[in-house]
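Quick notes on the structure that follows.
By letter and in written order, the chains are A, B, C and D; residue numbering begins at 1 in each of them.
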Amino acid sequence: MFDNVWLIPLFPLIGFLINGLLGKKIKNETVIGGIASLAVFGSFIVSCKTFLGLISLPADKRVVDVKIFSWITAGNFNADIAFLIDPLSCLMILIVTGIGFLIHIYSIGYMHGEDGFYRFFAYLNLFIFSMLLLVLGNNLLLMFVGWEGVGLCSYLLIGYYFKKKSAGDAGKKAFVMNRVGDFGFLLGIFGLFWYLGQNHNVWTVQFTELSNSAHLLPTGGIVTFITLCFFLGATGKSAQIPLYTWLPDAMEGPTPVSALIHAATMVTAGVYMIGRMSYIFVRAPETMVVVAVVGACTALFAATIGTAQNDIKRVLAYSTVSQLGYMVLAMGVGAFTAGVFHLMTHAFFKACLFLGSGAVIHSMHGALHHVHSHDDAQDMRNMGGLKKYMPLTFLTFLIATIAIAGIPGFSGFFSKDEILWQAFANPLHGGLNTFLWAMGAVAAGLTAFYMFRLVFMTFFGETRIKAGAEKYLHESPMVIVIPLIVLAALSIVGGYVGIPKLIGDVFGGIPNYLEHYLHPVFANANAYMAAHAHTAHHSHALEWGLMGTSVVIALIGISIAAFLYLVNPTLPAKFTATFPGLHRAVYNKWYIDELYDFVIVNPCKTLGRFLWRGFDVVVIDGLVNGVAHVVMAFGGVVRYLQTGQVYSYAWTMAFGVVVIIGYYLFK
Amino acid sequence: MEINVAQLFATINVATIMPEIILSIMAMVLLLVNVFVPSKQKTYLVWLSLLGIIGAGFSAASGWGQNISSFSGSVVLDNFAIFFKLIFLVSAGLAVLISDQYMERENCNQGELYPLILFATTGMMLMASGTDLMTVFLGLELMSISLYVLAGFNRANLKSNEAGLKYFLLGAFSTGFLLYGMALIYGVTGTTRIAAIASSVAQMNSPLTNTMLGAGMLLIMTGFAFKIAAAPFHMWTPDVYEGAPTPMAAFMSAGPKAAGFAAFLRMFLVAFPMLITQWVDILWVIAVLTMTIGNLTALRQDNIKRMLAYSSIAHAGYALVGFVAANATGTTGILFYMLSYAFMNIGAFAIIVLVGKQGEPNGSVQDFAGLGTKRPVLAAVMSLFLFSLAGMPPTAGFIGKFYLFSGALEQGYVWLAIIGVLNSAASVYYYLRVMVFMYMKPSEEEFGWVTIGAPISLALVVAAAGSLIPGIIPSYILQLAQQAVKLI
Amino acid sequence: MDNLSNYLILSAVLFSIGTIGVLVRRNIIVMFMCIELMLNAVNLTFVALSRHLGNLDGQVFVFFIMTVAAAEAAVGLAMFIAFFNNRESIDADDASLMKW
Amino acid sequence: MSNILSLMTFLPIAGVLLLLFIPKDSKGVLRTVAFLTTVATFVVSIPVLTGFQTIADFQFVENVPWIAAGPFAMRYNIGIDGITIWLVILTTFIMPIAVLSTWTAVEDKVKEYMICLLLLETGMLGAFLALDLFLFYIFWEVMLIPMYFIIGIWGGKNRVYAAVKFFIYTMVGSLLMLVALIYLYLLGTKAGITDFSLVHFFSLNVDPATQTWLFLAFALAFAIKVPMFPLHTWLPDAHTEAPTAGSVILAAILLKMGTYGYVRFAMPLFPEATAQFTPLIAVLSVIGVIYAAFVAMVQEDVKKLVAYSSVAHLGYVMLGLFSLNEQGVTGGMLQMINHGISTGALFLIVGFIYERRHTRLISDFGGLAKQMPIFTVIFMIVTLSSIAVPGTNGFVGEFLILIGAYESSLRWYTIIAASGVILAAVYMLWMFQRVMFGELENPKNQKLEDLNAREIAIMVPLIVLIFVIGVYPNPFIEKMTPSIKKVIAQAKVQQTTAQAVSEAQPVAAPAEAPQAATQPAAH
């Protein structure tokens, strides 16, 4: 029934090959964009079919392995090219191909006229292919292939404008930081494979087998180590503390890339991975604490930075980091469904936001270009009042902003609220829960603040663009607008698949579809948690209260933003003047990049230079050549024994005779 | 004391010394021919000498496996002697072939050269065959005296003069020690026959504590050590090789060294095997010193003849490694190595002959710069010789060293073998240096030499074949060498 | 027996004198004469031993040594002359063109 | 076709003989003949591959007496098994590429150059195929000679120094190995061994103390060739100075001689010493991985950077081999092939830009991507392969090595070594960025031409292999598996007893040790 599932990754791969190899010859943008979009659309269709096929199965049969061929076999290690079809992967492929398709369409308009148009679409298709491998892979290794593959595409796409040094740097940074995470991922694979094999003779990296053998794993101990390794991988990919700094820099890439890779899909891979191995993570309570704390901290920390950025994409980037923090927090508190739920809704509204910002930048760029201004097209201080020029963009942007801010009725509310509630009510972390909730709630307020700050600075108020340029501002073409509308719509309705029981009950028992749907995936983990942790029972009133609190916090954030950036636009400047140090620190992202440079990058370079010039050349090679020099020098000395005088030769001979005879006589 | 003449004559078998006879007769014929044929061109003497050498070779080879002793047991024609004789003849043949062009260039193309080479060779053959201290001594002196003259053959050349003089003085000096040693041995054992010495030593009550015996033996050792250029009796070598006419340096490095080993081996392995504990550790030290001093000093030489002289000291050291082992493998190695060494070393000298300029103003390695471009074949052949000298497979030099070091290992002299291979590795540097000049440096000036004459071409071909083929298919020669050492 | 040791000691002394002479003298001819002295010391040893042992080998050996020494002298003196022709000197120190 | 291996090995010599009769000025003919010879050799090697059976035994064996004198008997004994099959194919495959790579770069002494290349091919094939220790040694040394000339004659500014250093450094190691080899044989003769055939020696029970010394001597020779830290300093010099073909062959094949030596000789011949020295080798390998990465990071010369990256890669290979389980050894063997392909390709790439600009300094480049799009794509793919991105060959090898090493007793070393994957990304991508990205500022770079047809033709087979092995490595692995199992069994056969001894002592081995030993059986 899933026989043609291999088509899902194949289509983008074909698209990649066609555009990659022939794109330069094709030249026609419509054809190139068409091929690429069609490839993803094809995948989307097959994904839908797969999804329908899956839900037509009884719930307990919804985990299917589809083997394509045997990939690596060495001794007791085996990894197949095989796909795992289960509710989680199905959901992911729908998100990836669906949003991917929209962004492809968008890109046709956005990338119009760019140098290397074909290259862009080739990379984009390759990315979709890798991402599909990541989510479909039925074993850790294949997942890792996708995992690194998306990292690679991210590298390529961030560095798309390779002539800009900053773009190249950002790409490299992204790749290297991801590699740090990959290092953890690899160690995790090794540890798991070795431990289960060594102790239980289960030599496997396949998810279904791992799930079946999860009960063999102890609680804590080695599992903590293994899961921490995996989590290191997740922090790299999902831009969590301490490996988050690459994501803001990744905004050097074209905006569709930011939307697709750095908001909707790739960066959620870490969350996906934790979800995929939830049954292992729950067996490591310490890791769960770490995951939850890192998630909460990232959510809060990134949000603070977001409040002071002026680059529209950077704000969104920090927002993404923050939202990813939420998802990770959800995973850390055992709310796997909620995490995946937020992953999905975030994909909708953040893609919409990024694409909207792209539309703004595109328009700004064109306008500024017309007046030969070198003002930064991405700086919000140059924007303002854009809503009258780009009404559709504004509207979709606003919807997505409301969604992310957590206003009830929009998708973001449901998912975020679920996470906050679980952070408070989960059975895992005891006294830590309150802090986790509080951090999440504050971050939610900050999110609402900076997002509305963004909206106000961009679309409201007076037009600050260079005089004369405003007449060139215009709404984007339909290929750009249509995806925005679709995503905005999804940002509204996307939340209704996962209405919390509390609210559902009010409306006559609307079920939480998502939870039911994902149940088979997390059953193993949930069962373990149920057996090993005491679920505290909280009253409905408390849950309502917390929900209300978070909404109020969000509203406060919005109000402050409105007050500062609509009602009284001079206040922020005064505020910065009052607390210059704080502002500078926040504006400069708490100097984390500089810290990394100082603590890691520069010492590494210095060490490298020392090892090369100091150790390799002087000590090691010095020893090697030293031996040679000593030998040569010795030769230089010995040759002077040869004086050329006959008598000295005779003396030497006589000396030899005497020594030999003497030795003989006296030995 | 009554002498039964008939009985005495009955012990004479001319076949035993047939090769020597042929060579001496040819030498004398050459002397006469040289006087009576008033030709400036001496190439015909080359071919005549070669004829004699080949004749002697056949004569020697025909005695293979017969093991005939004659002249009351003072001369023997056994496989050991034959193998060595062939080595000497090869050296002599190659030396003769490369002499003509050189002597012509250096204006000292006197015809006496060839008879002298043949006489020297006769002396060597006698040394290899000698089973009596007297015959050994006679052979040695016949060889040495001819060589003194050959070293100083270029009378007008100061260096050649000096070479002859130094060689003569030091050679005679060492002869004194050798003879004194022989006298002491004679005194202890009452005989000069090597076999009789052995049985006499065997019958002694305590040969190990007999000071006179030991001292005599060691004095003999120093005498031979001089001939094979072992440290610390090697000092003459560089000066003599550098000063002597190049072909004669080539000849001296191959033939007399082999002859020294022939007599040395026979003497010590036949007459003094009982005393091996007395001499083997001394020889161990000498071997190490010889290898090391030779190689280290060669590293810093610019004059290529001098460099090869030091290298020949080092090679004596390698051969001594086999001697220290004193077993079948080691001695087989010595025989094989001496033969290969004759080919490769004379081959290398032949190239020097061709590259050198009249009067050899400096004779330095720099003269080889650019040879690889100008005369690729010569450079390639020279590389072959040098690689063989360095002991790189697949050359004869490698197989030789392999057996020498194997012999030492077989006897448990692991450190000796290790020192040997390390020396061998160091030696690579100076051999490579010549190749660096040939291939990797541009030539500074034009090469002065003319066409390559037929004799020297023949020598090069033979030497190249002799350096390469035994490296690839060494079995036959190795087996001959093995049969040769069985008898001593 | 006492007789023999006298001869042997004498010849050893002669040999040593010859050796030392070679080592300390610079005149090539004198050096060569010292070498001849060494050889003659050996001859004396041989003769004494031959007499003592009662066989003739030693004495035969002496004949050979004397013959060879004569040949050596002929060759050697010829070379000295050649050297003298070139260098106008017969000092061993002058024969040091080649060294190191 | 029973002599097909000999035919393959000595076909290049036939090419040499042919070259000798071609005048030195007809360079085109010389190049063509050399190229066709290498192609013919490759063609001959194909039936070997197709006829190769997936069993542990040596195949296509030719075994005739060669030398017999004294206690020694050497045989001309050659054959192929799973360990060597891919190495041999790699050799015959790389050689035509190497010949093509300096088609225009070498104008001087073309004849000698081609002769050297062909001689080298014979040497390398012989060394891989030899099943007689003595024969192996001969070929092992013979390889040095042409390589010495290739570096020394057609190399860069410091070529003489590099060539001599290469030669003597390697020679020191191999001569000590020769001593060990003879010693081993002489030991064998006491146990009734009559010739140098390798198979005899596997069953020779050398006592552990002797094994230690013999292993050290073998290991030193191989370690120099690999090269392992701290014996690696000849490599950057040799690579930097060698002409492109020389670097390619050096990286792709000659270095493999070292690792091959461990698998074929040092480990199975001296199992107990192997166990004893595994920690040391692992430490050196790991240091090599990390150290070389750091040094590579700050290199200013692209070629030197690639050379140091070789040291790091070979460190992985060594780690895999000494993990002595199927994953590790398979990974190591596969990585040998991969490194040959990827690093060979990298050197070709460096050669391309060197040929155009006559400089290799990173700072002289920048922004080449704009000017040379095809080159960029190829360079990118090879770079990714070198840093082991999944989907490329490098990943499969490195992953198997690391997982194998992790399973073995080398767990902690593995964790450190795995961090090398980060460093590899750092130095390779940084270099790539500096060379290819940014503005095309240097006017000399603005006239650069993209790769021509010949250069593309050289690279395409390598690129294809990079992906084929990356995506479908199993056919490659399967051919090796039986032989690898055999090697592991040989190298481990004594190890269980060695562990039993160490366990009996109060300082007990970690609990997983005996389990590690039983692991193959469990499978």
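As a working rule, a residue touches a chain if its C-beta (ideal position, glycine included) is under 8 Å from a C-beta of that chain, and two chains touch if they have at least 3 such contacts.
Because the structure is predicted, anything quoted here is derived from the model rather than measured.
A comparison of the B-D and A-B interfaces places the larger number of contacting C-beta pairs at B-D. Taking each chain's centre as the mean of its C-alpha atoms, chain B lies 43 Å from chain D. With centres taken as mean Cα positions, chain B sits 79 Å from chain A. Taking the mean of the C-alpha atoms as each chain's centre, chain B and chain C sit 25 Å apart.
Averaged Cα coordinates give chain C a centre that lies 65 Å from the centre of chain D.
Touching of two or more other chains is recorded for residues 628, 639, 642, 644, 646, 650 of chain A. In chain D, the residues that reach two or more other chains under the touch definition are 168. In chain C, the positions touching at least two other chains are 19, 22, 31, 92, 95-99.
Those chain pairs judged to touch are A-B, A-C, A-D, B-C, B-D. Of all residues in chain C, those touching chain A in their complex are 19, 22-24, 26, 31, 92-93, 95-100. Residues 628, 631-632, 634-636, 638-639, 641-642, 644, 646, 648-650, 652-653, 655-657, 660-661, 663-665 of chain A are the ones touching chain B in the complex.
Chain contact summary for the complex, chain A toward chain D: residues 24, 69-77, 141, 144-145, 147-149, 152, 155, 159, 162-165, 167-169, 171-172, 175-176, 179-180, 182-183, 186-187, 189-191, 193-194, 197-198, 201, 203, 604-605, 607-609, 611-612, 616, 620-621, 624, 628.
Those residues of chain B whose C-beta lies close enough to touch chain D in the complex are 328-329, 332, 372-373, 376, 387, 392-394, 398-399, 402-403, 405-406, 409-410, 414, 417-418, 421-422, 424-426, 428-429, 432-433, 435-436, 439-440, 473-475, 478-479, 481-482. Residues 24, 66-72, 109, 111-112, 137-138, 141-142, 144-145, 148-149, 152-153, 159-160, 163-164, 167-168, 171-172, 175-176, 178-179, 182-183, 186 of chain D touch chain B in their complex.
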